[in-house]
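Structure provided below as structure tokens; questions to follow.
As written, the chain order gives the labels A, B, C and D, with residue 1 at the start of each chain.
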Amino acid sequence: MKRIDDFREIIDNYEVVFFDAFGVLKNYGGLVPGIERTFEYLEELGKEYYIVTNDASRSPMQLAESYHKKGLNIITPERVISSGMLTKEFLDLKVDDGIVAYLGTEDSAHYIESEGLHTLPVSAITAENFDKVNALVFLDDEGFDWCNDLNKTVNLLRRRTIPAIVANTDFAYPVNVNEIAIAVGGIAAMIETIVGKKFIRFGKPDSQMFMFAYDLIREYRPISKKEIVMVGDTLQTDILGGNKFGLDTVLVLSGNTLAADAQNRMTSTGIVPTYICDSAVIR
Amino acid sequence: MKRIDDFREIIDNYEVVFFDAFGVLKNYGGLVPGIERTFEYLEELGKEYYIVTNDASRSPMQLAESYHKKGLNIITPERVISSGMLTKEFLDLKVDDGIVAYLGTEDSAHYIESEGLHTLPVSAITAENFDKVNALVFLDDEGFDWCNDLNKTVNLLRRRTIPAIVANTDFAYPVNVNEIAIAVGGIAAMIETIVGKKFIRFGKPDSQMFMFAYDLIREYRPISKKEIVMVGDTLQTDILGGNKFGLDTVLVLSGNTLAADAQNRMTSTGIVPTYICDSAVIR
Amino acid sequence: MKRIDDFREIIDNYEVVFFDAFGVLKNYGGLVPGIERTFEYLEELGKEYYIVTNDASRSPMQLAESYHKKGLNIITPERVISSGMLTKEFLDLKVDDGIVAYLGTEDSAHYIESEGLHTLPVSAITAENFDKVNALVFLDDEGFDWCNDLNKTVNLLRRRTIPAIVANTDFAYPVNVNEIAIAVGGIAAMIETIVGKKFIRFGKPDSQMFMFAYDLIREYRPISKKEIVMVGDTLQTDILGGNKFGLDTVLVLSGNTLAADAQNRMTSTGIVPTYICDSAVIR
Amino acid sequence: MKRIDDFREIIDNYEVVFFDAFGVLKNYGGLVPGIERTFEYLEELGKEYYIVTNDASRSPMQLAESYHKKGLNIITPERVISSGMLTKEFLDLKVDDGIVAYLGTEDSAHYIESEGLHTLPVSAITAENFDKVNALVFLDDEGFDWCNDLNKTVNLLRRRTIPAIVANTDFAYPVNVNEIAIAVGGIAAMIETIVGKKFIRFGKPDSQMFMFAYDLIREYRPISKKEIVMVGDTLQTDILGGNKFGLDTVLVLSGNTLAADAQNRMTSTGIVPTYICDSAVIR
């Protein structure tokens, strides 16, 4: 593991940069100050970049817009790779027709809808359409009544043998400097234990997330894993996943992992990035 | 493992009988038909009996009343041993003062209240009383707003280093022949994973439950474990717990475990009762 | 949590003291220097004490002797309560006849042998006596060939539906200041996952361990839990178990938990002792 | 899920077939009788096929040879994709120099050796070369002394913060009709729990295994996931992994999953193949 003072050095040494979103580009308060310079520099050098995020609550279009609203206009939907996209690919490939029941907001569901596949919130599942449900997706922790809809989900999955897809594997997420909230990945794990069936999970550290991004690049240019670097603030997702996929990795200290804890956490988890850098902002 | 045709044979061979409640004495529809004969026979012979239940949602008084309403007048509060009683003992011994925050109904909380210890639903915890909370108890899955109060619980346990007690360890419970509901034990396990702290659990199969009943008996008469039999419908709680504590055990087929599955489940879990009997009803 | 300077203060305030062994009374190098004064003081005041240990590798007799050899002659076998004793009680109550197969040394097995129950190392199980094996006990990590005997154990437990007892639940134990070794509890957990059956575990933090000691005392004198204190060096076993059983607890810093880490570990695990004291040695 | 009578129908409908090895192509007794006809038919139609196996105990070359010895000469090393190959890719990309310590046979280690990276069995790690160990790989359950070398591995991983790679994630494997053996994946999981660090796992159901095969094909021809089918005998690895990657899947009943259990297992795990077929043999 090597300490890097200026993130510019990272950019100079790779052809493609993958960024985690929360804790790297933005934080509770908005954008990480100065992060736009990083993207200007990337554009200047003609280097590729992608935002690789465990976020299935919104479409790539909506995620890109959220950066525009914060003042980072450079991010286009094509640059965003989310666990929601893997969910959509799975449904397109593996579920031919019928209803996809979901837990989440209407926005999150709209994106995974496609020809032949109709999405319906768990609350709208009735005795009539129960047998037409061919998949269940955990998209977001908002947009439903936890007590009613989680109990309904448990019984749906006990009685119907259908794929259950977890589109965000995180157990919790930060809501401000002091507080976290239960994420839909935590809820899904509880239900998986209760019903005793195997769910399908998309999101870092799982390799399929990185492969999706890697494949996108290779559609228009040749690239080797040695030329890509993954930048993240979380050892267990960004760094573990990047390492396993064979990428070099950068731990930035602008989010989940504080400078004071970094060494301790690497030692206790055994997860070590290629580099550590204060932030993804170039000086 | 020995098949027993008439539960009378069990009673004849032991001095004390421990009964699980749900699936043994009662079911969705009310009392297991004929179960009153079992208690009449026990009284006739002057044998002891206790109901040993993973139920912290009501006090022993209220639990006894619920049997009276169903027509089983013989059950007195002294005969009921619940995981709620262990919770109360723990709080009395280990938490001297302050607030006990809880998830559950007001009824469940009333019972654990005591001199010096004030109970408050998680929803009533504020910035003002936050630092006076000296324990948190998971009592019941009802009586609170899941989304708000579970997130509040997560943050309370992250910031305060206080004991978290799970008064019902079950992950789910049956609500009718076809449906189950998430129990507070499942919710507690999810939160334990998220906050990364060790919770204290009371309830079968844990030995402390059996110990509590065993101790109660010994207050007024000498008894050995060989003279007690545990009767239950669930291998993982009643039978495993009874076996581990050193009691003989009876699996009855009037609840969770169906006759057709019993052998399979014993083989796959490795949990074997001393006896199997159709029900706890004497012929 | 209260800091205590002199362990004498603990003794003065309780009627009975439970001591963990390793890290409290002894260490790699032998006895904790000065620990004999603690026992002299206890004797002087006529207070009770027990050594409560997750050690099933030797009988109480042998464990007491090991203290004599180190120079602590005061410890008699009656003062030692081990997870091996719970295993013996379980076998006596629940396994009537046949062979008890075991993993461990001959010494560890000798102790659990009893009338009607013949012990045999897993290595001595053959096609001929296979069907007479009525229980399997994990006693110690020594005394057998890991590769052969663990594979044999897996197949024994897959084909015979018999109780599997884990007499030492620890996953690892220290062998010197820098090194640990895999304990039989870790091996048992691996095999439990592979065979998919529920094993029976004895040892702290499980309550049955404390209850056994508590019962022993009550055979000759009345005592309440408020009058007993548990002293240990490990939050996850000694302190968690003591707390759950309703005892006051003392974390000593002479073993597993270093002074520098104590606060951190309490915060991260949520396990808090009643007191912290440098060691169990009185000044 | 659709029942297919003749495996020929599967071949006719896909461009590429992925086969699991054990339980599909071979069994305890040798080749599945008639399996050579399947490969002749594939060659006849000019269809692609790969053997995708959780086997890191031998190189693709040695694995191919093992089929030749059994009489299936058609299998070339290029057709074999093993979790050992992913391990090799990881080491090549992520570990620049030094020693790779391993648990397994010399044969298994020879394959992962490369320029700059020297492999050494755990037994050969000494105080002198300890600090040069830059990775540890779990390759096979054979070729080492379990007790000594597993304890040595635990201490190596506690003191050095290096990647630990599990090249075979299975917990157990069949050795004959009645018996199984502990696989290195089970051993690795025990050690992971003891040392508390995150290991890197390769092998089905993980997507990276399927990705590796998918990438190999795309080097010489365009292909979509819809044109590939995964054939396996195990729901939890072959079918779950294939489904998640977006492939159609065939459960064959010639190995781990018996015809009588198939429906039950699908219902209880929630893992459902696209097709079920008696075997991969064409009629």
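What we mean here is this: a residue touches a chain if its C-beta (ideal position, glycine included) is under 8 Å from a C-beta of that chain, and two chains touch if they have at least 3 such contacts.
Keep in mind that this is a model prediction, so the values were computed, not measured.
With centres taken as mean Cα positions, subunit D sits 45 Å from subunit B. Each chain gets one centre point, the mean of its Cα atoms, and the points for subunit A and subunit D are 28 Å apart. In terms of inter-chain touching, the protein chains here make up one closed cycle, each touching precisely two others.
Looking at which chains touch one another, you get A-B, A-D, B-C, C-D. Within the complex formed with subunit D, the residues of subunit C that make contact are 141, 145-147, 150-151, 154-155, 158-159, 171-172, 178-182, 186-187, 189-191, 193-194. On the subunit A side of its complex with subunit D, the touching residues are 89-90, 93-94, 157, 161-164, 195-200, 206-208, 211, 225-226, 236, 240, 243-247, 266-272.
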